[in-house]
Each structure stands twice: as C-alpha cells, then as structure tokens.
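Okay, so subunit A shows up in both of these, paired with subunit B first and subunit C after.
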Partner chain A sequence: MSGGPAVRISIESSCEKQVQEVALDGTETYVPPLSMSQNLAKLAQRIDFSQGSDSEEDVEGEPKDREWGKQDGEEEEGTVKFQPSLWPWDSVRNNLRSALTEMCVLYDVLSVVKEKKYMALDPVSQDPAAGKTPQVFQLISKKKSLATAAMILQKGAEKLSKSVAENQENRRQRDFNSELLRLRSQWKLRKVGDKILGDLSYRSAGSLFPHHGTFEVIKNTDIDLDKKIPEDYCPLDVQIPSDLEGSAYIKVSIQKQAPDIGDLGTVSLFRQQQKNKAGMPWHVKLEAAQNVLLCKEIFAQLSREAVQIKSQIPHIVVKNQIISHVSHTYISLSISLCHSTGEKKNNRASPEKPKPDDHLYVLEHNLHQMMREFHKQQLSSVVMPHPSSAPFGHKRLRLAGPLAYDKAEISSWQQTEGLLEKIIKQAKHIFLRSRTARTIDSLASRIEDPQIQAHWSNINDVYESSVKVLITSQGYEQICKSIQLQLNIGVEQIRVVHRDGRVVMLSHQEQELQDFLLSQMSQHQVHAVQQLAKVMGWHVLSFSNHVGLGPVESIGNASAVTVASPNGEYAISVRNGPESGCKVLVQFPRSQIKELPKSDVIQDAKWSHLRGPYKEVHWSKMEGRNFVYKMELLMAALTPCP
Partner chain B sequence: MEAPPVTVMPVTGGTINMMEYLLQGSVLDQALESLLHRLRGLCDNMEPETFTDHELVYLLKGQQGNPFILRARRSLSHPTAPWHLRYLGQSEVGDKSRHALVRNCVDVAASHSLPEFLNEMGFRMDHEFVSNGHIFRKGAMKIVVSKLSRILVPGNTENTEHLSLSYLVELSVLAPAGQDTVSEDMRSFAEQLKPLVHLEKIDPSKQRH
Partner chain C sequence: MGVTCVCQVPVAEGKSVQQTVDMLHKKLEQLGAVKQGSFCVDCETYHATGNSSSQPSKLLYVMHNSETPLSCLALFEGGPCLIADANFDVLMVKLKSHFQNAKGHKVESRGSRYRYCDFLIKVGTVTMSSSARGISVEVEYCPCVVPGDCWNLMKEFMQSFLGPSVPELPSVFAAKPEGLFAPADCVDTMTQYLELFNKLRKLQIPGSNVR
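Moving on to the complex of A and B:
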C-alpha cells in the first residue's frame, strides 16, 4: 500500500430508478420517482371502494360504481382476495361513504330550500313548559352553587387572615430582632444557654464594684392577638436584678447640729411619685438600674473609706447613712443612699412634712463625677506589660527597682485621696463659702455707712472660690476707693489680699471675718476723709491707720486723720474706731476764741496765729446722709468764702 | 574560671512566692486573624497591643545536677522599658485534678545592664530568640499570641527567621501558691477558645530530645 500506485476507485450510486427506455445512443431515460401525492394516489387506486358497500346499493351510486369498477377493473381481481373486514382501509372507506351520503342529503335539502318552490323554513316555536325545569330543582341547584361559592370565599378569607397573622408574628419577631440589635449596640450582651444576658455594671469602664450587674433579655411576643396592642408595646423586655430595681440617688447635706445617735437610721426621702414601671421601655429601665448600681458603688466606696480613714472624730456609718464631721464646730456632713424599690408605697415618708431642700446638689454631682474619674483612673492605670513576660501591674512600680527610687518617692505615688476625703473637703469649702457670703450679707444689711459690695466670681474650683469686697460710701464711689479686698475662700481658711498686696489669713471662724471687715470699714471712713480733703483742697496734717492712743478697741485699732483748711485757720481731727465709733473735733483759730484763758506768755498779737483749742462736733446732729457727706458739709462750712 | 557554687533550690517565702499557671497551644498563621478576633471579643476592653521582645536564656552550670536557668527579656518595641529577669521553676504536671501546668516563678524588673551583670556572675547565654505578637488581658489572665523567630547573627535582632508557620498561644496567670481556683477559670476560658486553639498543659520535660 505504501509502495504501490494509488488505485482509482469510482463510486457510483446504484440506480434504483426504473429505466423507462434506452435510447439508440445508449442513454437511459429513467422513470421519475413518484411524488408524495402521486404515491398516495397510486396507493389509493388500489383500494376497492365497491367492496363491502353491500348495505347501500342505491341507484345513484350505481353508475359511479360502474365507473370505479371499470377503472379499477384490473385491480379488483387482486383485492377481492382479501377478507373485507381485514382490509386496512375499511373503516376509512365506510366513513367516507357515510359522509358522502350525508353531504348528498344536505346538498339536496339545501337545493330544495333554495328553490323555495317546494319548501319554506319556519322557526319552530318552542314549548315553554317543556324547557322549564321544576322550581324546586332550580332552587336546590342555586343553593348548591351559592354554597360552593361561599365555601371558596371562606377558604380564601381564612387563608388571608392566616397570612396576615403570620405576617404580624413575623413582624413582631423581626421587631424583637431589631430591638435586640438596638440593645446590642448600646449594651454588652452575651448568650448563656438559651438565655441572653446583659451587663449593667461599669466593670468594663474600670469599676471594681463586685456586683455582677447582669440583666436578662426577655422576648415579649406572646401577647393576645385579639386584644388591641398597646401603644408602647415593645417585643423586648428586660429583667433586672431585684436589688437594682427602682430608683436611687445619693443625698448629701450639711447638718448644723450634732446628730443624735438615736435619730440615725434609714433615711427615706422619696417625695416624688414613682412612675408606673410597667410601661417603661427597656432603655429607661436599664439606665435607672445602672444608676442604682452606680449609687450603690459610690456609697459602698464611701462607707469603706469612712471605716478605714482615721480622723479626729470618727465617721459614723449607720445603715444607709454616713456622717462625718466637717469642722471643729458641730457641723456634720451627711451622705445617704436613698433607694426606693417602687413596690411598697412610701407610707412612712408621706406624713412627714416636706422639709426645705437641703440637698447639696453640687456635691452629689461631684460624687458621681469623682467615681467616674476613679473608674477612668483604674482603667488607664492598667497597661500592658512590656516585655510581654512581665507581670501586670503599675509601670511605675516596675521602674522603681531599676531606677532605684527611694521609699519617699514610692510612697508618694501610693497615697491617694479617697472619695470621702475629697467630698469632705468640698463640703468644707462649700460651707465656708456660704458662711462667708452670709457674713458679708449680714454686715451689708446691718451697716449702711459705709457700704459693702461683694462681687462673687462665677467660675470656681471645687476647693477654692473668690469674692471681691469693695467698701464704699454712697455718692462718693469715685473718690473713696481705698478699700478693695480679694477674699480667696479655701477649704479651711480664707486668704484676704489687700489692694496694696498685703495678705491676711483668716480661719474658718465666722467672727474673725466679721471683725476684720468691721475694722476695714472703720479704716475706710478715715481714708475717705483723707481722700475728700485732697478734693476739697485741705491739707492732711497727720494720718494714722493704727492709733496708739485713746481707749483700746476690742476689735482692731482705731485710725485717725487730721486735716487743715486751705488757709490753715481750721483743722478737723477725726478718730474712728470699729467699736467706739467716730469722734470729730474741730480746731478753731485762736483769734476767734472769745474767752481765751489769760496767759502772760502769749499776750502778744503775733500769738493770735497759734491754734486754738479743739471742740467736738455733735456728729449725730450734723446734717447729711452719711459720714463723708457730713464731712464735706463740715469742710465747706469751715472754708472761708473768697 | 571556676563557677561559684549555686543552690538550685527555688526561692520561697515572702511575697515573691508566686506560681505561674500556664496553658499552651498553637495556631497556624492562617488561623491567626480569627483567633485574634475571638480574643478581642472575650478579653478586657483594652486597646489591643502588639509587642516585640528579645529573650536571652542564660545558664549557670553548677557542680551538681541541672544547670540553673534564667531568662532575660527586653522589649524591642519599648526600648526604655526595664528588662525583665525571670526564673521559672520545675513544672508540676502530675496532678490530674489541676487543669494547668504550675511552676514556681520569680519576676524581677532589671536595668539595662542585666546581660553584663549576668555574665559577670558566671552565667553564659545559651540561646536567644525574638518573639513578636499580640498580648491580651482578661482579669488576671494574660494571653500572649506570639511568633518565635530565630536570630541568625548573634546579637542582631533585625536579622531573624521564623521558626515555624504557626503562632504560640500561651494563657498564664500569676497567683500565690495553692490557688487552684485559678486553673478552673483558665480551663473555662480555654474552653471558649476551642476549636480555634486547643490550650493544654504541656510538659516541657517530656518534649526534650
């Protein structure tokens, strides 16, 4: 095969067509193949229609049959051999025959009708009775069909209501889930078994309070579907621990008298009506519970410190109240935890007469703030150790060894002021401030001349606030500005800064401040005379803030000033003491004195320029609304007219 | 030089008698992210911290018995932080009721001249490695997820090579001796980390070849 030449093989389709004729030149003419219809006709030709039509031997069919017979003469002989029933086209033939018959009849009828010669078609009048079904039957059938329709409608309605209920159930479920999602975004939740527990505590914020503070999330979906859903319905409910229910607050107050031990005990101070708890949404409940927890933590911390801290007068912790002494006086600070569970009505508290509010809201707020600061400090003091193998703890303590800190340095880190100490200090300050204000106010209202003005600063530190005290005389504010005091009120003492920079420390005693202010006021009058003299053109002869002569004052010292008139004829001498009041003397020129004591020494006329004796002015009888005004009048009277 | 005689007795008494409760496990690098995610969820609400530490293991060969081992560790990420010198005692694995490995532990913060000091004392460095990873805290429990790297050139902590394709996970608590409730807490915490990581008590003495 590989080596030999290729053999040519011609392939030709075998001729299956019949050869019609062979021409002289040898070309063969084929019979063209039969088309489909020709084939059918050819097959149909073989059907013997006359066979089996023995039932109908009509006259009309006769000539046709004859023709068929003639045409299929040669085939008849072939088909006769078959059994007629077994012949496959028998049924077709029968049907065709009957169809032909029908058609012929129809044709005849139509042609007869068309001629209208023999027949006419009239509409047949229908018998009404015959078509009418009996009424009972009609009724029954109608009833039946109505019932069927009703059933279908009912089924549809049922389906609809079911789907609506399902929808609602789904929505509630979805609402629960969305509520849970909202809860999850604000509170710490975890799943324990088939329960969802949440965390109320401030532990993640740095609290060390051992209360577990867990609440449980409850699905509240099984409500009665028939009843109307209340407006504030929430599919999610929370179950808070029983000891955190209700509301609580810390009450801080300052009590003036020493508390009687017998009176101590439960302080129930809930005056405001408890709100209906049932309708509270979960976030309100949780916030209230968390507030209760924080109050409890604050109180626990304060109680612990109250027991631990050594103070001169020990702090007393009784039930829900801590009493500690603020000053050496009989003033005590009372801190109490007020917690109402809301279940029992406040029967005991209600008959009590509503006392004036003695809350120190600022301190209550500060307690909360300090607790949070404490938390933050706890949180920020915990740092990850580096290197990682080192134990947890304060970074500074780890540095203490390598950096060789001494004991004093280390102990300085460790002493921290407790919550109670801080709050006592704040209370002391608040008390001192209020007492200072009261002292100043009472002095201002009691003494009209000179006037006291106090300007309190709005922004204060928790341990320090300041007030500016001005002592002026009415109408002469511009002239007499000598006394301006700045009072810095601290925790235990008041620091007074004069305008000229002198500093005086006053203790917390009320009397001390009062005495100081009184002495300042008396000095002010003398200063005012001095200032006035300058304005009026008088000369200051002498001035002394602290006079060493005369009666001894119980408070401070008397001060004195002597001024001389412009021409030098008159002199006014003023002595003003905080206790003894003012004494004004006028010195007249010698010439004006009528009954001069006879003296041999000063007979000469030149001695008439000597100063004469002093005469006291009846100051209370002077006209004028205040001291400086009187003084101005006096000076004006003594100044000779030009 | 003759090594000075050293007592191999563990230090006892006082406040330094602390025990370390330890559980160990490991995760492949691919599983690290999911483990960290889980730990962030479980542990205390603190900023997640990473660390890079360099640990040197020093040996002091005495006349008798096992050598005395001290571990000195410094933070590469916090160069100013003090060094940490650590003595780890013989681990007690035997007690079946205890769920964690317990060993004596002495922690000392030290100044930066620690390696010279140890050398002067006669200690010799046995091996060193770099450990970097993440540190978590839950209460008293410390969870360290770290990758250990071999130091190729002695003393050069920049040039390192990972030891394996997995992270070491250690759960440890420092507690005074006899506080076995600690191990209970550790076990429940370890349960919560399953199946991400299986923390077990692994006896280091049986692993030695």
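Moving on to the complex of A and C:
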C-alpha cells in the first residue's frame, strides 16, 4: 500500500439476497436488495465520525474483505515487527503509516466522488431516535445546568462572606487581646477557671484593707454585626463589684457649731451629677472603682481610730460621717465619705440647695497622701532582698544595730500617730491659721493708723506656717519700722517672735492675738514719735513701753515718751494706750506764759528758764492724715525758726 | 550623737564609792540637771585562740551600751573595731573555738543618766565581778560632733561639778587629724570606756574604798 495510486478500492458488494422469512409452504420471501445508495447510506450510518483511528475498519469494511490476503500478510508483518518493539521509532513509524493510509483513503474517496460516475455524496440522515432530543428535555437540562452554575456562584459568595465575617471576628478577637494586653500592663490579672479576674486593691502597695477588690474582665464581642459599631466600642469590658461602683470622695470640713446629733446621718453632697454611663472605657471605670476603694479604706481607718482613741470629747461616728471635736473650741471637724452609685439621681438632686463650698481640699488631699504613706510604710517593712542573718522587720530597724543608732533616734520611730490624730492636728492648724489671717485682716481694715501689713509665707509645713506682721505708719515706713513680728502659727499656739528676739506665746484664742496686736500698735505710735524726734533733731527725755502711772488699760500697758525741742524750750509728752488712745501734752517755757501764778519763792528772772506747765493738745483737731504726720507738724510748729 | 568624754572620778577621801556617786548626783541636781533613767555599759573579754603559738594571743572586747540598745561593738586590742547588731553575741557563742570568753573579766558601768540642756551626763559605778572598782563619768555634748569645737565648753561644764579632776582631751580625739572634719561616733565613746575599764582592772583594789 506504499504506492498511492496503485491501490484500488471496490465498493461494490456481492449482492446476495437475504431470506426474510420462510413460509409454511416452503416458499422463501427475500428481502429486496438494497439499492446502491441505500446500501451506502446504511454503511455510512454505521460510521462514527467522532472516533478517528479505531473506526477505520468499519469504513474499510469492503476493502478489507476484498484484500483479505494482503492485509493478513501485512498484519503478520506488523505483528512480527511490533513484537520485539526494540526499534525506538516504532510507534512513530506506525502512526505515520496509519496517517498515510488515511490520507490515501481520503484521496481515493475524493477522487471517486469527483468522477461522479460511481458515487454521489448525500447528506447523512440522522437516526431520529438517537439524534433528536425533545424540547422538554432540553429545557430541563438547561435549567439544571443553570441551577448548577447558580449553586456554584452561591457557594462562592457564601465562602467570601464567611471569610469576611471571620476576618472581622478575628480582628475583634485580636482587639480584645490587645486590649487585654494593655489591661495587663496596668492592672494585676489572673485567670481563675475560664474567667479573668483582676485586682483593684492596694494590697500590693501595702494596704491592709480586707476588701477583696476583684474585678472581672468580660469579652464584649457579641455585638450585632449588622448595626453600626458605636464610636466608643471596646471589645473588653470590666465588671467591678457593686459596692465599688460610682464615685466617691472624702469630704473634710470644719463646722463652727456642734451639730445636733439627731440631725446627723447620711451626708449627701453630690451636687454635680457625674455621668454614669455603661460605655465608659475600662480604665476610667477601674480608676473610679479604685478611688472608691481607697476612700473606703481611709474612712474605715479613720472610723476605727475614732472609736479607739480616747479623747476628752469622744469622736462621733455616725453612718458615713465622723465628727471629732477640736479640743476646747467650739468647732468640730467633720469627715464624711460621699459615695454615689449614680442610680438615685432623682431624689438626691432636689433637696440640696447649693451651699457654699466648705471643703478643706488640702486636708482631703493630705488624707489620701497619708494613707499612701501608711501603705508604703507597710510595704517597706518587708522589703526584699533581706539578709538571711538579719531579723525580720523594718529595714531601718535592721540597720539600727550596725549603724549604732542611739536611743533617741530609735524611739523616734516608735511613736506612730494615727491618721485621725494627724488630720485633727492639721485641721487645728488650718483653722488657727485662717483665724489668725482673719484677725489680722479685720484689724487692718478697722484701724487705719497705724497700718498693719501681713506677709504670709508660701511654703508651709502641715503643722506650722508663719506670717510676718509689720506695723507701719503711712508715709513714714522708712523711719518707723520698729515693730516687726514673726508669727509662727502652730497647731494650738501662736509663737510671736519680736524683732529683738523676744518670744511671746499666744494661745489659740482669737482675742489674745487681737489684744496683743492692739498693744503693739499703740506701742508703735510711741516708737514712731521717738524715731521722728531723732530725725527732727529733738531730744528724747524719757521713754517707757509700759507706763506704771495713769489709768489702767484693760489690754496691755500704755506707753509714753517725752521729747524736748532742739533748744530745750518746748517738750512734747505723748502717752498712748491701746484702749485709752493717745494723749499729747506740750510743755511751754515759763517765759511764754502770761498768767503765771505769782509765787514768793521764784521771783528771780533766772527762774523764768524753768519749765512751765503742760497743756494738752486737742489731737483730733490737729491737721494731718495720721498720728506721725500730726506729730511732725506739731514738732515743726514748736521748733523756732532759725 | 555628740562629742563624748569619759573620765574616771577618784573616790573622795574617806567616802565610799556610793557616797561619792551620791555626792555627784546631788551636785548635778543642784546645777539643774534632770534625771532621765539609767544607763549601762558592759564589756566582755575574749581570748583569741587557735592562732599560731608564736603570736601572743590578742584580746577581743565585746561591748554593749544602753545608749545604742540595738548595737554591739567588738574591739580588737589596738586593732580594728566592728559595729554589729545584737545578734553578734550569738555569733560569738558559735565562734567558741576561736574566741574564748574570759570568765570573770566582765566589767560593767551602771548608773543614772542626767540631762542638763544640751549635755548628757552619765555617772556610773564600775563593777568587776560584783566589786565596785571606781566611778566613771561620761559627759556628752549633743549638738556638736567635732571635738575640737566644743572641748573647751565641755571642760568648763565638767569643772562645774567635777571640780579639779577634769580630764584632758581624750586621746582618741587627740589622735584624730587636725583641722579635718572628724566626727566623733560611738566607737570613740566605747574606746574611752575600754581604756577606763582596763585602767581600773589593773588597779589594785584599794580595800578601804570598796563596799
């Protein structure tokens, strides 16, 4: 078959009639032989065009029959050649060969069809049962395929949305974890079972308050995904104990009159309502709760001390208020714990009228500070590391031996003052200080001549503060500065240090200070005259701070000075008392007096140099804005012109 | 902790130790000093054992002072000194093999403590194995820590009640470098006490004066 044109294919079949049926009488009916084209069509129907190489036998059914012997030979040859299969290009050769065969067949068919003598091409008629699909079936199948496609799409979309949600969930989870990390960095947390508990208490800072102070960390992730997430949304929430909710503070105030015990009770002092919303971030919540805890601890400590401490007037503890009397005064110190849970807003707001703020913020602050100091003291007693050989106890107690601390030093550690005692002392001091300031101010505003100046020091101890009081006359500040007082205001006493170092102790009574200042002011006037005399060239004849003669003053003593004019003709005598006021007398020379009482003894002219009688000056009628100015005018008037 | 001077006061002629002490108390009270409790200084002696035989055994003195109640001082004879806490006594028991307690060498000075303004005066009778050996007077000037600055004041004060038997500047202070700020501390006090004790220990018992 290698030579193309040499191959001839005959497509004529031997026509032998087939017996269709044999009748009972023996006659055979034959199937009428197929016509040429019918035969071809039938044959062609059997060809499956989709199958390439395998169907070549069907196509070449006729030639095979015809050239049987030849094909056999070839097959023999093929199998012989095929069997060793050692030749590497064997499959290629075979394929090439089969391709050539097909090409040849195609060529033959085409040439036969071209001649049109033997064969004509007819369209292949489809088998109606196999080829035609009914429309209903088509519709169903279309529907089915569409449904499949839709299902695939839907699955994809579902997967996508799931992954988005998962992402979000993951992010929230991550947010929760990062929030938890932040919480962990600031608060003590521990895990108990499947809960996360935190510690609000100051125990680790040295507190001995028995409140457990635990809070629970809640994962707040079950938020509705569809709704918009609020701005202040936080995946972490904390649950604080109900008794630590809200806000609290310690109120310290000084009350002038002792309140009726019947009136005592819960002090409700919340004037501004704090916003208590659930959406507070956790750190705000925790800080507020911790503050409540500290306030409670302070109050508990104070009330414990109030009960324990014996004092002349016992301290009263009623509900959330401690009242302690500041000794031998009519004032009392009230310390109250104000705790609002923010729930009972309505009935709280109405009855309280806005009152003047009587908080002692300094004391409130000090209370907190002292509590923390107390904590620290507790903590430092067990400070680590600790030498194994040393006894347990405070570090300084441990060091006391090797550093050879003496008795006084050691005993100074032992005395411990309670919180309440300290705060009462501070309150006393504050009260004394404010009262001193008030006394000085009222004196300064009431008395214009001489003037009082008070210079308060800015830096004070909690138990001591100082003020410098200057008594001056207006316009003569430079020459009249004899009275400078340093008032050291302590807890119960005022220590007055004069400029010259004299020390006077005054009690807490307001009147004492006032009297003292009044006497100082009256002395100041006399001092001022003395100073002025020096400046004016007058001579001081006598000077006394405390005159023993004349009317008795109810407060202090009167002081007096006598000064003589430069030429000795005139003399001015001033007596100034804190109560009686000033009295100024001028002594004239005897020569100037007309109606001298005639005496038998002093007839001689030389006696005219004797000093004459005193005459009182109507001081209130003198011109001048203050005492020293008046005195200056008087002195000027009595000094003869040169 | 101020500058401290410890001195020995001779027993007055024809008086017992106790009578002399009472006399001193009276003088101080007349001066205006206020009695403030009592004091006690004690000293125990330890022999260092286990050293090589060629070296003479050193003495270790362990002293307590009621003024520094939590401390314990250990002074080597002419050597370094150590301030420790009260546990040191327990440690010494453990160190028995190295330091042997010389029994019967325990010296004590007990007496009253007086305060006169800034001065702290301690008059004590020195007893050694329950026999009174002499009188010690300790004067402390609390506000100052530099001996050179306040010695004259202290001397003058001591003259007012001790009369002529006023000591010279204690040698511990004299040995300190001049002009430098060399604060006095408890070791100086204890060194002076130790010197006093050693002096009294060597002293023959003046039979008549011992009660």
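In this text, the second predicted complex is superposed on the first by the 446 of 642 C-alpha atoms of A that agree within 3 Å, B and C clash if a C-alpha of one lies under 4 Å from a C-alpha of the other, contacts with A are read in each partner's own complex, and residues count from 1 in each chain.
As a convention for this text, a residue touches a chain if its C-beta (ideal position, glycine included) is under 8 Å from a C-beta of that chain, and two chains touch if they have at least 3 such contacts.
Just so it is clear, the model here is predicted, and its values are computed rather than measured.
> What is the contact status of A:549 with respect to subunit B (first) and subunit C (second): first, second, both, or neither?
A:549 sits against neither subunit B nor subunit C.
> Look at A:181 in the shared chain and tell me whether it touches subunit B only, subunit C only, both, or neither; answer first, second, both or neither.
neither
> Have a look at where A:23 lands relative to subunit B and subunit C in the superposition and call it first, second, both or neither.
neither
> On the A-aligned overlay, A:7 touches which partner chain: subunit B = first, subunit C = second, or both, or neither?
The answer is neither, since A:7 touches no partner chain.
> Examine A:120 and indicate which partner it touches, taking first as subunit B and second as subunit C; both and neither are also allowed.
A:120 contacts neither subunit B nor subunit C.
> Between subunit B (first) and subunit C (second), which does A:407 come into contact with in this model arrangement: first, second, both, or neither?
second
> For A:136, using the defined touch cut-off, is the partner it touches subunit B, subunit C, both, or neither? Pick first, second, both or neither.
Neither partner.
> Which residues would you name on subunit A as touching subunit B in one complex and subunit C in the other?
After superposing on chain A, subunit A residues 389-391, 398, 400-403 contact both subunit B and subunit C.
> Quick one: in the complex, what on subunit A touches subunit C?
Touch list, subunit A to subunit C: 389-391, 397-398, 400-407, 410.
> Which subunit C residues qualify as touching subunit A in the complex?
Those in contact with subunit A are residues 1, 66-73, 83-87, 185-186.
> Spell out the residues on subunit B that touch subunit A in their complex, using ranges where they run on.
Those residues of subunit B that touch subunit A are 44-46, 49, 51, 53-55, 71, 73-75, 77-78, 81-84, 86, 107-112, 131, 133, 135, 137, 140, 142, 144, 146, 174.
> Hey, which residues of subunit A end up touching subunit B in the complex?
Residue list for subunit A touching subunit B: 204, 382, 384-392, 398-403.
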